[in-house]
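Two complexes, one shared chain (subunit A), two partners (subunit B, subunit C).
And now, the complex of A and B:
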């Protein structure tokens, strides 16, 4: 059975959203997705999957707070404590069982409500071995960036190219919070933070919500939808401990991509994928993830970035959405946003940032520092 | 437009400040007990050995990540390690400016699976990946059996 994305709903991503509660953000994204899909959530949707972590929400048992703002009262709901792309994989499988015909996936960030976001991220550190040392959790990204650059002989300049390209891409995305005409020199001159990372290598926080409507091929026909097919999904985790994981490569992304490519029958990703949206919440992650996804050979992504290979007119357009560097870090909504962007590209609905002729795209998610967990989805244009 | 009307006057917004208070003790477990007692009493590092896989794990644990066997044997970690990666942090744990900047390193030890993340007791200019280091432990009377009994890694004498 094929499963497709028949509705996409996004709010604007903004550094703060004082006029909306987090439930209202979800309501707006859901309303947009249902309008896009032409479905009534009270009649047409069989299951609702939300993706959230209590700590980011500021209260316990998040899933109890879900139903009403999605039109899901008295319906099957569940919450995945992970990135939205993990929720997409969950909804994909629910439809594959035959029990559900139309499923909704939601993820959001209201990080501007969190007064101590770094403290929450710090809680992800091992409480016995790491956290008592008292370091900023982005130290993990600094250590990993240094290890990646050194192992792959990637020059720091390649990070300047990633940031400049991606934040410029965001200028063409009306929902992006951090679009800017940033030059490579600006990046190189920005303040040192967690060396080799500088302030412009690190994505800024944003609020926003993303809702996708998924349907079986039969339901999609019945609803007269124009689906983007989910050809494959995968997810994986590297060793949870900082001490025993792979510091140079994104093993979790390599394994997740392997699973998704198997399902999608993608054998040569570098020649079969037309657009890629990968996690770039730190600049080096874009390059590391491209290599893990088999879209560049190990150590080649940085050189290709410097040649402009990942620009809109390059060999493989990457993070045309503006990525997280340009759109903002929307935490658990990050991967679902990327799936939404790929879906828009494959539908030909990406506005002024449309990549002509895109038929197959990949979206990849990572659960941010200090995790070594990720998910991948391969999407294909209809019919 | 999803809502018919939107508030544009920021003074009309309402918010309620609160927190999620939660306090814990974190039990270090059987392997942690062995490690931290040896660190406190003898000032040395222990790894847990998987004889089946031929792996010594640091931090030690009682299960093998590869074969899922229960591990009961603990072995000393070589005194000298090597900086696998390092970062100079210009922000402290709260995000405030760190002055002077802090140097953090991930250090590996020959023949050991894993390693330790800790402060590198060197200036940013002197810190190099690949440099040889050993732990500096606090004086015996100041040690309490936690990871903070280690002050950090200092350059090995042989390379000074």
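And now, the complex of A and C:
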């Protein structure tokens, strides 16, 4: 059975949204998604999946607070404590069982409600091995960036190219929080943070909500929808321990992509994928993830980035949305945002940033510092 | 059964052993602070509370009066339509008598807590709160009650701007 995305809803991503509660943000994204899909959540939707981590929300048992603003009151709901793409995989499987015909996936960030976001991220470190050292959790990204750049002989200049390209892409995305005409020199000159990472290598926080409506092919036909097909999903985790994980290769992304490609019957991703949205919450992650996804050979992504291969007019447009560097770090909504962007590109609804003729796209996300977990979705244009 | 065991195997630990560092341990206090945006509906609700009023939102489709107010109707899944004040009197929907505090210590004077369905809102909509000026023997489901407000200068825009709900007196409505 095929499963498609029949509705996309996003709020604007902003550094802070003091005027709205997180529930009101979710209501806005959900309203947009249902209007896009032409569905009534009170009648047409069989299951609602939300993606959230209680520590980011600031209260326990997040799933209990969900139904009202999603149109899910008195309906089947569940929460995945993970990235939005993990929720997408969940909804995909629910439909595959035949039990559910139409499912909704939601993920959001209201990180501006968290006064101590770094404290929350630090809380993800091992309490006995790592926390007593008391380092800033983004050091973990610095460690990985250093290992990746060295193992692949990638020059730091390649990171400058990633940041400059992606922040500029965001200028064409009306929902992006951090679009800017940043030059490579600006990146190189920005303040040192976690060597080799500088301040412009790090995405800034943003609030926002994303809702997707998924349907079986039968339900999509009944609803006269124009689906973008979910051809494959995958997810995987490397060792959680900082002392034993693969620092250079993003193993979690390679394994997740392997699973998604197997389902999607993608054998040569570098020639079969037309557009990619990969997690770039730190600049080096874009390059590392492209290599892990088989979209560049190991050590080649940086050189390709310097040649402009990942620009809108390049060989493989990457993070045309503006990525996380340009749109903002929306935490657990990161992957769902990327799936939404790929869906819009494949539908031809990406406005002034539309890539011509894109038929197959990949969305990938990581669960952020200090995790070694990620998920991948391969999407294909209809019919 | 445990009374018949004279000595348990292993080493007994006292609180003092922990405090004196005789036990290997790691301490970490997460830096987890939040300031939630109350949003459009609850911000107005809290402002009105401070002014000594209870405000709700109406949904013109299902014709319900939603309290506490929200910008969306969860039944109809559409934006709500208008603000409307409701009364600070109501009916006890359910209650409990709490003999333990949050630390599970025995309370000498048990606390009366429960949910009040408020007059003017749709059925089964109201507030969870304390009850006062009544004993645990007098309280009952279905009892008519009224909010006892803090003096205006003490109100902060919090549910605690109401101190508790008391029984409606004879002749009051």
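By our rule, the second predicted complex is superposed on the first by the 383 of 383 C-alpha atoms of A that agree within 3 Å, B and C clash if a C-alpha of one lies under 4 Å from a C-alpha of the other, contacts with A are read in each partner's own complex, and residues count from 1 in each chain.
The working rule: a contact is a pair of C-beta atoms (placed from the backbone, for glycine too) under 8 Å apart; a residue touches a chain by one contact, two chains touch by 3 or more.
Quick caveat, the model's predicted, so the values are computed rather than measured.
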**OP:** Check the residue A:110 against both partner chains and state whether it touches subunit B (first), subunit C (second), both, or neither.
**Re:** second
Original post:
Which of the two partners, first being subunit B and second being subunit C, lies in contact with A:27: first, second, both, or neither?
Top reply: both
Original post:
Which of the two partners, first being subunit B and second being subunit C, lies in contact with A:4: first, second, both, or neither?
Top reply: neither
Original post:
Does the superposition put A:328 against subunit B (first), subunit C (second), both, or neither?
Top reply: neither
Original post:
Looking at the overlay, what does A:361 touch: subunit B (first), subunit C (second), both, or neither?
Top reply: neither
**OP:** Please determine whether it is subunit B or subunit C that touches the greater number of subunit A residues.
**Re:** B
**OP:** Figure out whether A:18 sits in contact with subunit B (first) or subunit C (second), or with both, or with neither.
**Re:** both
Original post:
Touching A:242 in the superposition: subunit B (first), subunit C (second), both, neither?
Top reply: first
**OP:** Figure out whether A:374 sits in contact with subunit B (first) or subunit C (second), or with both, or with neither.
**Re:** neither
**OP:** Based on the superposed arrangement, let me know which partner A:55 touches: subunit B (first), subunit C (second), both, or neither?
**Re:** both
Original post:
Where on subunit A do the contacts from subunit B and from subunit C line up?
Top reply: 18-19, 24, 27, 31, 55, 58, 113, 115, 118-119, 122, 127-128, 132
Original post:
Residues of subunit C touching subunit A in their complex?
Top reply: 26, 28, 30-42, 70-72, 74-77
Subject >> List of subunit A residues in touch with subunit C within their complex >> reply: 17-24, 27, 30-31, 34, 40-42, 55, 58, 67-69, 71, 73, 110, 112-116, 118-120, 122-123, 127-128, 131-132
Subject >> subunit B contact footprint on subunit A (complex, rising order) >> reply: 18-19, 24, 27-28, 31-32, 55, 58-60, 113, 115, 118-119, 122, 127-130, 132-139, 142-147, 150, 191-197, 239, 241-244, 247
Subject >> subunit B to subunit A touching residues, read off their complex >> reply: 2-3, 6-8, 10, 13, 15, 17-18, 20, 24, 26, 28, 32, 57-59, 65, 84-95, 101-102, 104-106, 113-119, 124, 129, 146-148
